[in-house]
Structure formats: structure tokens, C-alpha cells
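Okay, so subunit A shows up in both of these, paired with subunit B first and subunit C after.
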Partner chain A sequence: MKQVNRLSGGLVDRDQVLGFTFDGKRYEGHGGDTLASALLANGVRLMGRSFKYHRPRGVMTAGSEEPDALVELRSGGRQEPNTRATVAELFDGMQARSQNRWPSLRHDMMAVNDRLSNFLTAGFYYKTFMWPKAFWEKLYEPTIRHAAGLGRVSGEDDPDVYDKGFLHCDLLIIGAGPAGLSAALTAGRAGARVILADEDFAFGGRLNAEMFEVGGEAGSDWAKAAVAELASMGNVRLMARTTVVGAFDHGVYGAVERVADHVAAPVEGQPRQVFWRITSKRALLCAGATERPIAFANNDRPGIMMASAVRSFANRWAVAAHETVAVFTNNDDGHRTAADLIAKGVRVTAVIDTRADAPAVEGAELFAGAQVIDSRGRLGLESVRIRTAQGFTRDIVCGALAVSGGWNPNVHLTCHQRGRPQWDETLAAFVPGPDLPVGMLVAGAASGVLSTEGALRTGAEGAVAVLADLGIAATAAVPQAEDAPVDLTPFWHVSESKGRAWIDMQNDVTVKDIKLAHQENFVSVEHLKRYTTLGMATDQGKTSNMGGLAVMAELTGKSIPETGTTMFRPPYTPVSFGALAGRAVGKHFHPVRETPSHNWATERGAVFVEVGDWLRAQWFPQPGETHWRQSVDREVLATRRSVGVCDVTTLGKIDVQGADAAEFLNKVYANAFAKLPVGKVRYGLMLREDGIAYDDGTAARFAEDHFVVTTTTANAVLVYRQMEFARQCLWPDLDVQLISTTEAWAQYAVAGPNSRKLLEKIVDPRFDISNEAFPFMACGEVTICGGLRARLFRISFSGELAYEIAVPTRYGDAMIRALMDEGEAFDVVPYGTEALGVMRIEKGHAAGNELNGTTTALNLGMGRMVSKKKDCIGNTLSERAGLNMADALKLVGVKPVDATQAVKAGGHLMAKEGPVDAAHDQGYVTSAAYSPILESSIGLALLKNGAARLGEVMRIANPLEGDDVEVEIVSAHFVDPDGEKLRV
Partner chain B sequence: MIIDHPLLGPRDAQEFVYLGDADLINRPDWQAEDAADAFHDYLYLRDNPAGVHRELWYHEQGDRSWLVVTRDTLTHEISKVELARDVARAQGRGR
Partner chain C sequence: MGRSCVYKLKAMTALGGTKPRVDVFAGVKISENPDRALVSVSARQGHETVCRERARAFLGVDLPAPARAASSEGFGVLWIGPDAWMVEADHTRHELLASEIKTAVADAGSVVEQTDGWCRFEVEGSKVCDLFERLCNVDVQAMLGDAVVRTSIHHVGCYLWCREAGAAFTVMGPRSSAASLHHALIESAGVVSLD
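Moving on, here comes the complex of A and B:
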């Protein structure tokens, strides 16, 4: 296929021939092409179908503002929908497909929507699918969903890596057109740390798209030389293919660098894209301006483009939009397009200028004071109909129409901190307002200075001003360049147009839709946007918002600045989810914490459960066990009969040291610690300041000024944070230091009647751990296995004679293996969190299910533990009357009357006879388990005045699941209520 | 946001955990006559101004300092950063 529209000159590399396909058909382009320029070069104007009416569409712009030429790139896991052909850098082997059409782009069945356009107006969904109500979920929504959307994703995993990075600089320059390059040269030469970012793969901005000279040489050559100089500076970082997408607080900017979007696949180890977080002292916005269209009937045919885009394609990419081009403009800029095309030998059939005093054009017929009122051509433009100043209509033959309605400065980033743009009469456009993000300055076209020399000058001056702020001296050197004033007469849409005149190409919003919104009183711009979808989707209305505003202003009789703009929010252009996620995907979505016995537990076939970030062994199945209950029952029975070992490393551990350590614990725990002797452990209950139970654990006193306290696994981080708050903010003069040692120690519970015998084989013989020398609630530092330091605690969660032994983390694996080896003589079992839970319910110990954020110490049967003699967090408000009613909930045990029935957590206690409703609610079951010792289901419950109701028969109602179980209220301590086992 | 830590210099706000109004430092006297009311007010009545606000931030992924940050909630401008311990002492808190 020949590149029929390829011109001479331009900035493409003709030695590089790149093959690509569009809808399966093979074409060729050159290095430096975009997909859009290469398609146009090959005479392809039809590139897509519109969102709603499936109208044939071509390319409208040459940049990231493109609303129409959206394609699917690549296939499989790399398939990417809604990619703008104007920014897709061509590579050899590129596969592109059109979207939103069936069966083909030329013959799209859904184009029937276009015939139904009278029904599909603004607010169509809200009005049409109201009745019958039941149809919404079953019929309307699925049908709409099927028809909606543009491109498709493949559903396969993206094989590429995305990354995140952090950068710091004195000056971030956003945009590398004349203003940005001039600023970067000024700041770079002065020695400032500069980052220059541009979304394009070639630096230069409009310098690459215009025929202007800068300092006596071609603008593109000047840009090339500037880039070469900047590249030689160690203090300047050039970031091409990098879009700054958002301005955040305190000089932080987000930027997406498309590292490998311009190749078929990244090389090994290279990220596809990087999301940069740039911390800048100052920023200079040199984002340029976007040309805006003029609306007229059928102004959406493939071939109708922005005048500046037609010029870019001709000058930079050496591509004629078509063999015959007409121009429709309200300002001098359109004339440049005509002049550049004529100079390249393209036939310009007419220049239609809305201004009666339009300047003459050499080489083309001028229609001053004229308007384009309609167009023809089914899948591509064939002609436009104009109305001349004299009132005659005429048809002009053209395959492309270059439209210019003036330029809108790209103010987006100036508004990301709630700043509002202000109206400029000369440009008839919004320019940056006074409320810029702190540290930001604007230069060049983005600030409303549209000439080349103005851009070069304001860029350099902006850099000088910003650097002066930072104490860096710099001088501005501005080369001579084009400095034409703006001559424009505002003109937004052709009002006498009969057919539909498109304002927003991407969302198929017409002038008529805006009139309808106005008629239905959706006049506020924010309402207008949401009612008509004007300015939504991938382009966020870069080419359409101003037109929409102008039409609404006309209808309401207000000025455009009075009508106002919608809020500009990040991102400036679409950002892929991959870039936002970075490496936090799959298993890396959040960190996993493994205990030192993890590998050993894996070898034993443990089933793991996630507890926060931790993985804990839940049970250890044995051969022949087919149900988890078999494993758990066996682990419980074996532990209670002989000995079991459980990894409790995940419990939070906090080292508390200092002369006031005991005093400090007195303040953060409800119960008292000052009198705890060295070598002893005490249970500790922590309250929130509102008097509700927060967390529990143990505090072991190793010296007068040294405690080791434990927290629950879930609250380890929060309790430590709260303790630091108490230490630094509430009692800043206490002599106490805290450090989290959760990960420094591997800790194992050794429980069961033979636990001491097992430990005697581990602990070095010079330490006497007999019942007399090391009684219940003792703690001490010992050595084990011939000299390894360890900490031993005689504490029990299971209700058995039990210990916890802690060794430095790196010995954790050896420790569990030693316990298993030495325990063989006692048929030792490892047990997991399920067996741990069963045993603590049997024993009646409260845990997370009971400390559920609503319960007090009184509810948990620990009311008397709250010391009245000292100040501690939560004690004052725990005395509130409402928390101390006579019928307060109390922790009890429940046991089904019929042992074959099961108790479930969540069921509510009701009187045996009587109504089951909220008014008669007596309490609820917090925890439930099957007790293999009692051979019955059991539960812990919070029951009104529960302590006085032991022996009562009640029912547990669970209407949700249809359960109704008769239970007897019993002591919460099903096993060893007097604690004799603990003390032998 | 960037928080200028008094000991460590400018740090990204992502390293910190936010708590709220710095009045949480002023925990009432538990032995006062009106302790119950004072604790109620301390715990539940909090200013939430649109403007300058003194608030507690915790450098959890750093040196574990609690800081009092004076921040304008409308603009996010941070005008002052202090160690909470210094603030607590200056407000008469001790042991």
C-alpha cells in the first residue's frame, strides 16, 4: 500500500519503514510517525465509531486531546482499549483495531442508533427506563451495559511490570515547547536542579509543527539544539513521553512515564510505565494551548479536523490530511494552515472566514464573513456547504476541512488545588487565575501568551523569577521569533445549521442537547455536564467544554465567565490502572508476614489462615483426616492429654524500660502493676478512654525497671501507637522507653500436663523449673539447648499447665524442631489457631469476639480488676451509669440441652417461652465451638445479668438461619473452673 | 503533603498516621470534682475548623514521634510543626 498522502520534508525518518496493521489490513509508516499520521498518510480517514450514535469518525486533532480516533492496540494480555491514535507512537508490527462497531468499521449495525437520535437525547436513560420498575435490573441495565463502552479488554493478565518512582528537583517544568525549553535552558545554565517533562516523544511542542524561525533557524532545529544542550547538563533531567497528570499539595506532582509503550513489548526487566511522584520546590507550567472547533451541522465527518492539527500533520509528519482541503476559521491562525498547505503543494479549495474583514489569502479563494452550514460524505468528507456574506449557499469540494475557533490555554493543572481560571476578552478564552497551586508559575501559551517569541520570553523570565525565589541567580536570553498579535472574533457555533451540530464528539453531545438541558433547567455547568455527559470520558472535554459553555451562556443570556467552568481534576489525561498499582499486584498487593516456624509448618502440611498480614497455621491435618474438625479435635485432645505446641510469635511484644516503667503500665492498663514482683507475670486489660475494653495481654516483670508486655495479634500496631501517645503526649516526664520487639522473638506455647517434662529436656539443667521454683505466673530468663538465651513464662491460654518460651527469631525454626523431637516421647502435637480457639472457649477466656468494641470490663466479668485507686486510661468514663446498670451483660457459657444440637456465634438469647424479637432480646453468643472434651457444642455469650442466671434454660434464636436451640446457661469456665491444672 | 519534622526535616505525609485535634493532649484531671463531665468533653467535643487547625500526627514509619502540626484545612498549608512532647510539657503536663 502506498502512502498516498505523504508529502516531502517533515520530521519523520524515511529510512525507517515500519509495518503495521489496522483492522487486519497492512500499511507502512515511518519512524517518528504516530498511528494517526501513518493512517492519514495511507489515505485512511475513517478510524472509529462514535460512542452513542455510532457515527463514522476520523482523527480530529494531533495530540492528547483527541476525542474520536480511539483504537485498541496489541492483543492478549497487552490489549489496550481506547488508545488515542494521535499519541500512539508507531512501531514495527503494531496491531491496531477500530472499536465500537459490528461487524466492521465501514458497516456498523449499531449505526441504527443514529436514526433513533430523536429518542436518544440528553437524559434519555433517566426518562425512558423508568417503568416497569422490575425491568431495570433484568432487562434494561444488561441491555444498556452490552451496548455501552468503547474498546474491550482481553481479560487476560497484563504480563508487563509497572513501577513507581520518586524524584526531587528545584524546578519542574511541565511541557517542552518554546516556553518550556526556554525556561529549562535558563534554569539549567544557572545550575538549578531541573526536571523537564513532556507528554510527546519529541521535545519542541509547536516548534515542530510550525514553519516559524527562531533566532534565524528553523524552529524545530532550534528545539533540537536546545535539547542537545540540556542533555549535556548533569543538573537537568529530560523526561520525554512523560505526562504530568496532577498537581498536589506542597509542590508534589504526579507524572506517568510511558517507558515502553512505543515498542511491541518491553525488554526483560524494563517497566512498561512508571508513575513518578515528583517533589518540586517550584514548578513552571508550560503546557501550551488547545485549539477549539466551531460547531455546525454534521461537523463530525471523518476529514473535519482542527486547523492546527492539519498543519502539524503537514509540517511535522509530512502528511496531507487529504488532496483537497478547505479552511473554516474565525481568526488568523486558520490562515497559517492554508498558507503552509499551499507552500507544500496541497490544493486549498477555499478559506471560509467568519470575519467580514478577513485578510486576503494567496493561492486560495477567500470567503470573508461566511459560514460553513453543512457537510456531505458518508464515511468521509466530500464537500461542505457554505453561506456567503451575501447570503448565497455554495458547495465546496474538499476531503478535509481545517477548523479553527481560537485557542484555549491548558489551565488544567492551575486548577487542581481548587483555583479557578479567569476570562480573557482578547483571547475569548479562560487563562490561569490568581489562585495557583503554591509554588507554581505559568508561562507561554498556557498563560495566554500565544506568540512564539512571547512563549520564549515568558518561559525564560518565569525561570528567572522562580530561581530568584530560591536564591539562584539566572539571566534570560531570548532569541528573536514570530510575535504576531491574536486577531480573533469569537464564534462558537453556526446557529442557522439545520442538522445536528456536534459539540462533544466523544460523548455525542449536540447543540440541541444543550438546548434541551437548558429547557429542562439543567443550567448550572456541573448539572449540564452530568445531564448531557458533555466533557466526560477519556478526553474530559478538552475540545468541547468551551463550546458547550458558550452555547449555554447564549441560552441563559449570561456571559461565559458568569456561566463558569466545571472543576478540573487530576488526571490531565487517562492513567492506566497498571501505573497506579505499580508493583502492588497479585501476591505483592500487601505484604505477607511469616513466622519463623512457617517453613516447618508448611512441611507438616499446615493449613494457614490470614491474621492481618500474618499467616498462621490453622490446623495440621494428619493422613486419613478428611474434615478439619477431625484434625482440630485430635489436636485439642492430645494437648489436654499430654502436650501440644502452638506458635504464638504473632502476638505483639513491647519492651518497656525505665525507672517509671511500672508507673507507666499503671496508667495504660486498667489493673495495677506497681506491686508486681520481679519474676512474675500479670494479665493486663487495656481500656479505651471511653471505658470500653480495648485489648488484653500479659506483662512480665524481668527487673524493677524492665517489663515485657504482649498485645493481641490484631492490635499490636495500634496498642504500640497508643502507648507512644500516652508516653509522649499525656505523661511526657515519665522515665520510660518503649520498643516493639514483636519480630525479635519467636514464641511458642507449650501446653498440657506433660509440658513441664518436655521443657525440662529443653531448658538447661541449671535452671530449676519445678512447680515450687517456677510456679504459675512466673517468668524468667533462662538458657536452653546448651546455652541459647531464652525467656520462659508460665502462663496459660488453654487452661492446662502451660508455658510460653521465646527465643531470638533466628532460632525459631530450630526451636520448634527441637520441641517436636524432644516431645516425641510424650506424643507431642503441634496445634493451630483453631485448637487454640476451642481450648480458650472451653476455659472461658475472652478474646477478640468478646473484646468487640462494645464491651466493658464489667461485661467481661473483670469489673473488679479496674483499679479505683489510680488514674488510668478509661477508668473515669468506665464509671458512667449507663455502663453499670444492674442488668448489664455478663459473660456466661451456653450449652445445648440436646447435645446433638449446635450453638452458633451470632445467635440471640431469648426466654424459653415468649416472643422472639428485639424488645425481648436477652443477649447474644459471641463465640462457639465443638468441645471434644465435653463432647458437646459450647459457646460463650453475653447475657443480661448473666452471672445471676446460671442454670436457667433459654433459647438461642437465629431467625436468619432458622435456628432455634434450647440451651442451659452455665459458667463460662467449662474446663477446670478452679484453675487447679494451672498450678500443679 | 510534606511535613517538616522538627528532628528529621521534610518528610512525606505518607509516613505519618493522623489522629486529630491536638486538644487530645489536654487530658483532664481524674480527681477533679467534675471529672466525668470534663472527660466527656475531652473525648467527644472536638473542633473541626475550616481554617487553621492544630492536629496530632504520628511518624509511624519513621522515628515514632508524635507531632503537633498546625495546618490550614482549607489550603493544606502547614505553618508550624512541633514535637508533641514539647507541646505537652509547655502546657504543664508532666508525670
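Moving on, here comes the complex of A and C:
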């Protein structure tokens, strides 16, 4: 088949012949074609099956509002379902397939649904699949999803990359039709920074689809010249193939640029789509208008199209919708279609105009005051039946019917911040209301000005007005153009139609469905939408919403504005998940924070764990170790026996300076810090305002006016933020300066009885780190390895004699290597977060599992730390009676009576005998580990009145996993309860 | 880099190399820069004027206003918060920059060593604005020389310092995220180099 419907003229590039397939059959089109125009050119009207009834459908529109001609493009990872053929730019080698049919588009077995349509009305699912309840998930829903629906994804990874970006401008112009181009010329010439975005690949909007002249030349030529002038301006950015999909706060707009959708595959490295966030000082919405249909019986046959689309296909793409076309209209626009087609030699068999006073048509038979009441043609339109003004019926032969029910301004973006459109009686349409997004103005057809001259004028005037706000002087220069008034008599649907009259093509919603919704009292537009699905899915009802409202208004006896509209929300047209994700996919989903020893740990084969964005070594497997426990047990035993090293750089470090630094810390910590001597470290607990503990750490005093606070890894940002809040808002009079230094220092815990010996080989000899000179909880600035500045802290999380040593981060890699080399004599081991966790549980130190947002200092066995002598965050509310009950939870240790059994975190403590239920809950296990020292599983638990219950035998119930373990309640300090190891 | 050879320990760049990495694309060059020492200076409450005066005497330049940077021979300074600045200098000559500045401002300011808290990339070339348009919500086209903003690049908080309008920028981000930040820079550089 050789482009049987291709006309002369148009804006396609005939020198460029593009081969493509549709359902495996080969066709040819031209550069500048869309898939829809190319298929029509080849005489293909049947392009898809409808969502619910599998009715044959063809293309209805020529733009992004298309509800019917949805296809699958490409294959494999690039397979893209539900692509509108009307916006799919044709490229050589395009593979397109129809969807939602089996076994073929022409012979779709699921079309049996159409026969059952009397049963499948609105609300059918809700009424029918109520019982048995269990069938819904396993049977009904999968079956319905299989039978209904649109295209399918391949399930393969998308091989393309997507991107995002940020643009800024004085004026964002949305839409590059006559209004947008006129505005851009006005603003561009005035020197404003302008972004002009249009979803089409060719700027010009309807200027490319009409035969009107602008300034004495063809509209499309004028558009071309305007684009050339704009392209020469350094202050104007032209963004074709870019849909502005949402209007957000503060003049920010979301826009999707389809960079490589119009080629088979992007150039290597080129993103397929880019999601731009455009920050504009002002925006001018020139989004045009969408033509609306008239509903009549069987108005969905392939070949029944919008009149403007028929005109677009003929004028822009040089394609006749069919060799014989009829027109059905309630306004003058339908007549334009007839005139343009006749001028191009297409046979127009009739113009059926609902208006009794319709103007005459030259070259076609006019039926004034008539209506189309039905159509015929199984897989494509063959004829329409009309009722004449005189009441006779007559069949008109036609392969295409161009329908025009008037125009709806594209007000969508004006409503994205809950603005409501207002009714315009002249247009019988909603136009933008007064509550526009801040900084937005509307021009052209989107504002309800439907003539070309009006669009050019309001675009230019709009630009002048918004630029004046910005202090930029601009002058409007408007070329001469068509300025016909709107002559329309509202007409929404043919009431005498016996068959189903389709309102929403994409969701198969009929006039009858709306009547049923009304009958069942779903009369609110929001209920109507959800009950019937009118206006949902990929087209969001761009061609159907108004029809649905009109029918409901008729039924309720209200006016259309009284009936109201549903809320328009972003996105204006469908946005791919790829564009939303941008480059944040796979391992680049979020940034990674690497510790200074990361490369070294990788060389050692460390297994890493994500802790927020940090990657921390979890354990370091040795040859022969086949289970993580073997590695962790070895690391624990070696550390407790001799010495181990762990990278603790991830702990938050906050530098606190100022004359009032000590007083400030006294206020943010629950315990006292004012009298901490210089050269000493103290453990500190921070409370929330409500008295709940939220973080713990240490503060080291390096000078009277200088502390370094450490936080947990997880709360580093939170603590810093809270401290800044306290500094700026709670105690602004204190002289305190805060800054994070987490990243500046590589910090290693060196733990174990030989830790001092190891450090003595690293720390320069002039620094005495003996027990006497540098006792437990000492800190100081030292130099190491021949003069490198470092900080040394004698603190311990493991319960062993231990230190933390910090060096400038760039030396962190060298430092771990030095510690390993120098520690070889002591059989030093690196240990990871698992061993760290085991040792802190053995020691009974609280960590994130215990600081879980519900626990107080009292619960954690640190009640006495909360100073009563000073004012600090949380101390007052920590005294609430409810937090200080006699049977308050207390931190204890648990140990299985049978050492072969394991304690698991999350299990609940119950009396040894008695029921296992929530009413008898005594507490819960917060942390658990296998202790290689004790050769037993152990745990930390929060137990009611726990401190008084040591020695009691209880059971840990874990009904979810079926565990039931007898345990003995013991001290939380399994190892070195008196802290002797720390002080040697 | 730096004086690492005087210690037994060998310094590494933020990207984990012994030499700074350089990536060149059509229109964009990205150079890791480990050779600048960084120190933060915050004026003590009630001593703001003295702190400024002492800092100016030492640095040879006025401490800049919000969102600005200033340079003298040997030093650069950028505003990082109310009465707070970051001072930069050549690392080889000023490895102990913090103590130098503390000596200069004395009790009028709080001084914190920040050199290794940050990774730093010098980004230059004709497509540098196109690059940053894809990375951060900053009007880079409008940035003049010595304009500085705090922004987020690939979810990483960074300083973006315009060295030459439309031609050269310095990006400073947290050192631990150097690899992620660098990845974001070179990925986008690859894209804009195609245009």
C-alpha cells in the first residue's frame, strides 16, 4: 500500500522516505510525519482496541490529547506502551504494534466484551465482584486486569539514561503557537531571558495546521521566520519536544524534554528524556485549546475524528483522513475543515450542522439543523445516518467524519495550584479563573481568545504586561491575521441516539453510563469521575470531561458551571518514570559516603553495609571462613585478646567553640559539662524536648572555649541541626559557634589490651600516652608518624582498653595501613560493624536499637545522669509521672538458659509460666548477638522493673517466628561490669 | 600533593589517588584539586568588627558579603553563613593555616581546620553552564565572578563558586562523597559534550 491518502502540499519532507512497521506490516512515511499521519496516509484507520469493550478504534485527534490511537513502540527494554500515535514522531525503522487485542487487531477475541456491554456498565465491578471476598485478590482482579487495560511493559531494564536539570528565566512561555511566538518575539526583542517550550517538534501550533495568512504570508511561513529570529537571540532558549507538565510553587514549572524519542535509540551517552525544573520570574500560558466532540450513537468508529484533526492532517501532514469525508459541527470551525478539504480535492459528502442558521458551504451539501444519529462500519466508518431538520433520516457515505463541538481552552496549568476555571457563555467553555498561579498570565486560545489575530495580540500584550512587572520595557507588534468571531451553539450529545454514544473514548464511558451514575446518585463531578472512570487514564479526559459534565448538568437540571469541574493536577500529559528518576537509578540512586579506609577495606575483601549513605565494613573475611559468624567471632576474640582497629570516621563530629561553649553544652546534654576539665572527654546523653533520649556520644574539651562533640553515625545531621536550632533560636545570646568536622578527620578506634602498645609505635615519642599521663577519658592533640597533627581520645565502646585516634582525612588510608603494619607484632585485626556491635552488647552499651525514640534515660539505666541542678533540653518533661512509673522499663541483659538456643531481637519477655499475649507483655529484646567470649547467645532487653529482676527466669516469645526461649535476666554488662579493663 | 613526604604516611586525594584526577570533555575540563587548605572562621559574638579587621589585616582582603567570595594574593575567602567565612590558601605553603588564622584573629573568632572536610573540583570550559544546569538548581548563567552559592548536586550539599562568569567554577563537596560527586560531574559533562 503506497500512501493512498497522501495529498499535495503540507509540511512533510517528501525527500525523506521513512520505513516503518505497524503490527509487522511495512509502510512508508515522510520526515515530519507522526505515526498517526503516516498510518492515515497509508489508508490505515484501525489503530487500536478500546480499554474495556475492545471496540475498534482509530485516531481521533492530531495532538497530545489523543485517547484512542495508543500503540506500543519499540521492543525489549525500550518497549514503550500506551504511546499516542499522534505525538510519536516517525523515524526510519520504527516498530509499532497495536495493543490490548488478541490474537490480532482485526480479530480480537476479547471483543466479546462488547456483546456483554449491558452487563459491564459503570460500577459493574463494584457490584458484581463483592463475594466471595477472598476471590477478589486471587481471581477477580487478575482476570479483570488481564481483560481490560492498555499496553504492556517488557519487564526488562530500560537501557537508556534519563536526566534532569534546572533552568531559570525571566519569562517562561508555555506553547509556541501564534500567542507563544508573538510573546516570545516581544520579550526576546526586549532583551528578557525567555524560554519558549512546546510539546510539538515543530513550533507554530495551529499556524502549521491552518491555511490562514499572518502578515500577508502563510501562517506556517510566518512561524518559521519567527522561530528563525528567536533562534538568533542569545537571550531566548527554544525548547521543542518539551511539555510543561506542571505548575508548582514560586514560579517553578516541570517540563519533560523528549531528547531522543524521535530516533530509534539515543546516541551513546545522550539521555532519552530530560526532566527540567524551570524557575521563572513570570510565565505566560499559551497552551491553546482542545476541540471537543459531540456524542452520538457509535461515534467511536475508526474514521470519526475531530474536525481540527482532519484539518491538521490535511494541511500540515498532507493526508486525507479518507477519500470521502463528512463534517458534523455546531460551529463555524467545522466549515473550515470542509473548505480546506475541498480546496485540496478531497470529496466532502456532507456538512451536517446542528445550527438551523448554518452558513452555506461551497462544494458540499449542507444539512442545517441536522444531527448525526448513528454510524456504520465494523472496522472503519462506512456511512453515517443523519436526522435532517425536517425529521427525515438519511445515510451519508463517508470514510471519515470530522466532528466539531467547539473548543475548550487548555486551562489545566492554571488550576495546578487549586485555581478554578470560570464559565464563558460565549464559548460555552471554561476559561482561566482569577486564581492563577503566582506570576502566571494566560494568552491566546488558552485564555479563550480563539482567533489568530487575538492570539498574536494577547501573546504580545501578555509579554509586555509581565515584563513591565520586571522592569523590562517591551513593545507589542502584532501582524495582521484572521480575526473571525466565535459562532457556536452549544450541542453536547444527540439525545435521540439509540445505540451507545461515547463520551470518554479511552475509558469506554457512554452517555448511558453517566445517566446510570446519576440514577445511582453519583452526581458530584468527583463521584461521577470515580464511579464511571470518566476522565481518567493517560489522556485525563481532555476530550471527554466537558461532554460528561454537560450530560450530568442536563440530568441534574443545573448549569454546567454549577455542576463544576474536577481538579486538574499535574502532569498535563503522561511522564515516564525514567524522566522522574533521572540519573538516580541503580547504584546511583543516592550518593555514597566512603570512609577513609574504604579502598584498603575493599582490598581486604571487606563485606560492606549501608549505614545511611555511608558504606561501612561489616566484617573482614579471612581465607577459609565460610560464614560471617566465623569472621565476626574471630574479630571479637582477637580484639579482646590483643588489639583490633575499626574505622569510626562515620561518627558525627561537631566543633563547638565560643566563650559560652561549655554553658551551651550544659544545656543541650542531659548531664553536666560545664566543669569538664580541659583534656578530658565525657559521655553525654541528649534528650528531646519531651524527655525521650535521642542521641548519645561524647564531648571532648580541647580548650576552655573549645569542644568537639561526637554523635552517633545515624544522628550526625539531626544532632547538628538540633544544636544549630538551640544556638540560633533558644539561646541566641550565648557566644557559640558550631561547624561540622565529620569529614575532616579520619578516626579509628584502637581497642584491646595491646592498644596502647600499638599506639605508642604510631604517636610521636614526645607525647606520653601512658595510663598515668593519658588516663581513661583523656583527650589531646598529638602528632604521629613524624609530625602529622592528630587527635587522641581515650574512650571505649568495646569495653576494652581503647583509644580513638583522628588524623586529617587525606592520611586516613595511610593511617589504617600503618596501624596494620605496626600492629602485626600484636596480631592486630581490623574489625567491622558486626564485631563492634557484638562487643558493645557484651559491654551493655546502648545504641540505636535502644535509643529507639521511645526510651528515656531512666529506661536506659542512666536516669541519674539527667541533671536536676541545671536547665537542659528535656529534663523537665523527663520527670513526667508516666515516664517514671515504678515498673518502668529498665535495660537488662538476657541469656538463654540453654546455651544452644538463640536470643533474637524483637522477641517479647513473658513470665515463664502463663499466657503469651499483649496483656502479659513484660518487655522486649532490643539487641541480640552471639558472644564468642561467653560462648552463648546474649541480648539486651527493656524489662518492666528490670533492675530488680536480675536472676529471674523468663521466656522470650516470638509468635511471628514461632520462637519460645527460656532466658535468665542478668546485668546488661556481660563483660567487665566494673570497667577495670578500661582503666589499666 | 602537599608535604606528605615529610611524614611516614602518604596522603591520598579525595578520589583515592595519589595524583589529582583530571577529566577532559569537549567544552568541559574537570580537575580534582587537593592543593587548597581550608579553614572556617566565625566571628565571636560581640567581636564581629574586630574579627573582620584582624582577618582583613592578615588576609589582605575584606571578608566578603553573603553569597560572595573575595581574593587577595595568596588567599581566597567565601561567605558561608552569618559572620562566618571559609578561607582558602595554597596547602603546601599553609598546611597549618588554621593556627595561622587563629593567631591572627585570636579571641575575636573561632577557627576550625576544614581542609580535608571537602573535596574540590575545578570545572572550566565553554559548556560549564550547560553542565551545571543539569546538576544544580542554580542560575549559573547569571552568576558573576566570585559569586558563591550553597547548593545540592546529586543530593550532595556543595559550594559552587563562580571563578569566571560562564567559564570557570569551583565545586566543593563533602569529601566522603567525592566519588559520587565526581560521577555526577563526569556523567553530565559527557552529556553536554555531545551537544
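Please note the rule applied: the second predicted complex is superposed on the first by the 981 of 984 C-alpha atoms of A that agree within 3 Å, B and C clash if a C-alpha of one lies under 4 Å from a C-alpha of the other, contacts with A are read in each partner's own complex, and residues count from 1 in each chain.
Here, a contact is a pair of C-beta atoms (placed from the backbone, for glycine too) under 8 Å apart; a residue touches a chain by one contact, two chains touch by 3 or more.
Note that this is a predicted model, so its numbers are computed, not measured.
Between subunit B and subunit C, the partner in contact with more residues of subunit A is C. When the two complexes are overlaid on their common chain A, residue A:Thr279 makes contact with subunit B and with subunit C alike. Contacts of A:Thr876 after superposition on the shared chain: subunit B is touched, whereas subunit C is not.
By the document's definition of touching, of the two partners only subunit B reaches A:Phe725; subunit C does not.
Judged by the touch definition given at the top, the superposed model places A:Gln901 against neither subunit B nor subunit C. Once the two complexes are laid over each other on the shared chain, residue contacts for A:Gln737 go to subunit C alone; subunit B is not touched. Looking at the shared chain after the overlay, A:Gly787 reaches subunit C, while subunit B stays out of its contact range. Of the two partner chains placed by superposition, only subunit C is touched by A:Gly658; subunit B is not. In the superposition on chain A, contact of A:Arg810 is made with subunit C only, not with subunit B. Residues 279, 733-734 of subunit A contact both subunit B in one complex and subunit C in the other. Within the complex formed with subunit C, the subunit A residues making contact are 163-168, 193, 267, 269-271, 274, 277, 279, 583-584, 588, 590-595, 598-599, 613-614, 649, 655, 657-659, 705-706, 733-737, 739-746, 784-789, 807-815, 818. Those residues of subunit A whose C-beta lies close enough to touch subunit B in the complex are 248-252, 279, 417, 438, 660, 663, 689-690, 717, 721, 724-725, 728-734, 871, 875-877, 879-880. Residue ranges on subunit C touching subunit A, taken from their complex, read 1-2, 4, 6-14, 16, 34, 40, 42, 44-46, 84, 96, 110-118, 133-139, 141-142, 154-156, 174-181, 183-184, 187-188, 190-191, 194.
Of all the residues in subunit B, the ones that touch subunit A in their complex are 1-2, 12, 17, 19, 24-25, 27-28, 30-31, 35-36, 39-40, 42-43, 56, 58, 60, 64-66, 75-78, 83-85, 87-89, 93-95.
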